[in-house]
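Structure incoming, see below.
Lettered A, B, C and D in written order, each chain numbered from 1.
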């Protein structure tokens, strides 16, 4: 819309603020997804094969916590650099249709559709569990799963079990909607404070700079990001170092 | 009772079986405690100071998962060897009265009483959260906490908040009863299978060896432990190596 | 120089390429720093307090590997967002003068000078070990350490031990020069391949686009970053997913 | 010898002391093996497939540090319970002949012979690296590897490269002798102090109990183990909790 000149008011990319994506997306989603899965399935995660589709900030958080729970983690990606990162972080990387054969838990965190689709359902193990922590309920293609199933029943509260023609059962948590919201309490409340602070200060910034903005779409100013972080550290009782004059001089001289 | 000759029937120490304490206690408790805490508090664990009292198998599991959730973990112990293990595992070790000053979450896993008592309540931070994953509701001395509080109210479902005279608030989950049972669904069902298998095979063993046992208290025979493990591996589809004849000869020759 | 219009030829910021800083700086430095420290000191890292100054990509790598070796890790930072990240990653964050009191190993990874200076030397524990993995040998202020020491001797090959007036001994590896180079073999050779590939392809890009560049200072084009990553994945025998037409349509429709 | 009544003097199983096997074997070997491998190969470990044969204390240490370096770890075992432990710790478990196909680094830590033998050499990837951290140089069957190779040359100091008939190259560090000793400096000196303390106090114990021992083979008395641990904690400046009288009473009443 911006490119097309159709944007009627300025927008701030609050989701790109460090205080947002580094924390809310990674640590918030990482924990809340597993909270949702654990309380819903009551299955042990240690020793299981966990497949995480997407290695963005949310995917990194989900994979990190899966590892922290003792799982053996597989990552699928479409971006070669993120794929390499996942490898170097000690995870297995493969195509979804390969991962589908060995996964016990599948979590989609991509923002795309048909991430887990018929090709994967066809080769999954009996009892596999699918859920979504990305955007919408199209990441796991539940619509298609329904079509190719001969039967479905509620296996446990909030878990629908689909039985395929060959008898294999595939479980879907919360109908493929966001597992941390639909099967949990969402992000821990306290981590949302930073996201909300970024939103508030960004809105304030827009008001204060009305008519002075170069562009209709702006990034969150670094000073807002820093202010939110400084306040959080203060709340935690944590003091950090400050550059001395000698250090500022040194940094400037070598830049 | 055994020492006093009062035991009327033979007993098997099923809790000491490797398939029991290594798995149920460590991985089962480790996950279910955090499931209970997370779904009850909806607080983020990453970046928090988590104090684990006791570094037995359960405590190891709880500490390991706390680390896996991104916490900074402190362990308290009375056993010097377990204390050293905790240090070498990268955790901080200190006396509970010191840990009390910095902890955000406290989990007792000792089997003892008064593990968190008045001395600790006196120095805790406002908002500290206590729970128990050991034996009984005396590990956190809730009775004493009530006495020294001027007020209490339900802060959230299953969390009682006690306000001390100086205004600091201390939260107790599930009245200090087992947090994974009283605030969660207990151990993941599937990990109990091994514990139950050990119990079943041990009972069978007692029947089969009626009148032939040397002692009224026996350990779980190694072959039962192994059989349960073999079956679990087979269920997982995992094959392991077997000693060849050459290897058995070599092992015997060097013993 | 670019801002001043003094740049006589175009430059590519190769260090900012994902294939460079995500891998070389983080995983390369992370491992090679500890290789250098371990082979030089022959001390166990598990259970030690490791202080990492700076939580950029290199610092993240060094801290991650310290944790992986069983250390209890403290991070110092001047950037509030990086400080928060370190907290959320489970590390302790404090001012260097506080960290100085408890650290066993100190590693500077900042690019700044006087990161560990007289104020810190004054409060360090007897036997503390300092080294640098940032830029130059001014991060640990060895010059000042020499001045305030009454004696120095070679404690072990490549480790100089400085004895302060009060008898405390502070050890410096490789005179404060880059510990992975001066006390080890530098980055693992194979991780440099990506950095070199980025440099080669960037140089080629400059030649191919001679006279067509908008600016004298350019970022590494995304397609070069991706190509290097694709080739590395292929070398590893790893296949990743590709967007289907349906997925590309979906992504475009929701952008 | 003891069973045959041929033991001429009493022996103490010092290797079974907690202060020995928990620390020296696990943390000492874990670090020193990777120190030896890293300084010898100068290869990055992150993202590699590391195969650890044997999941005893030493194997646990080696696997834990491999994970800490970012590797994807595979464990091979002959004991079903240890195999399950490895699975629950998040590692892959399979037969050596399967692991052989995908491993980049192989470390044997078993005490057995022919752990990596011709069957495995036949399927290894070109460039695989083998080393031993168990007992003797028969764990990796280097003798057989030589026989089936058409050529060998020193690939790097202390690394012999064997070229098989089909052109694949298999590297062996330090001729299959203990990699931490033959390619490194052995265990970090400071961790040996506990092992030596156990040995000293055990020898003293034998002298003090001359003629009063029930058996010619005895375990390290618990009080010796505890004393060594207490002294180490004191040296570290760590204080731990002591049972109060109320707690001792409680523990006795519920035993």
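The rule is simple: contacts are C-beta pairs under 8 Å (C-beta built on N, C-alpha and C of every residue); 3 or more make two chains touch, one makes a residue touch a chain.
No experiment lies behind these values; they were computed from the predicted model shown.
Common neighbours of subunit C and subunit D (chains touching each): A, B. Distances between chain centres, each the mean of the C-alpha atoms, put A farthest from subunit D. Averaging Cα coordinates per chain places subunit B and subunit D 27 Å apart. Between subunit A and subunit B the centroid-to-centroid distance comes to 31 Å (mean Cα coordinates, whole Å).
Chain centres here are Cα means. That of subunit B falls 39 Å from that of subunit C. Shared contact sites, meaning residues of subunit A that touch two or more other chains, fall at 27, 46-47, 67, 70, 84, 87-88, 236. Taken in their complex, subunit C has these residues touching subunit D: 27-28, 30-31, 35, 38-39, 42-47, 64-65, 67-70, 184-185, 187-191, 236. On the subunit D side of its complex with subunit B, the touching residues are 18-19, 22-23, 26-27, 76-81, 83-85, 87-88, 93-96, 98, 111-114, 135, 138, 225-226, 229-230, 232-233, 236, 238-244, 246-247, 250-251, 254. Those residues of subunit B that touch subunit C in the shared complex are 46-47, 67, 70-72, 84, 87-92.
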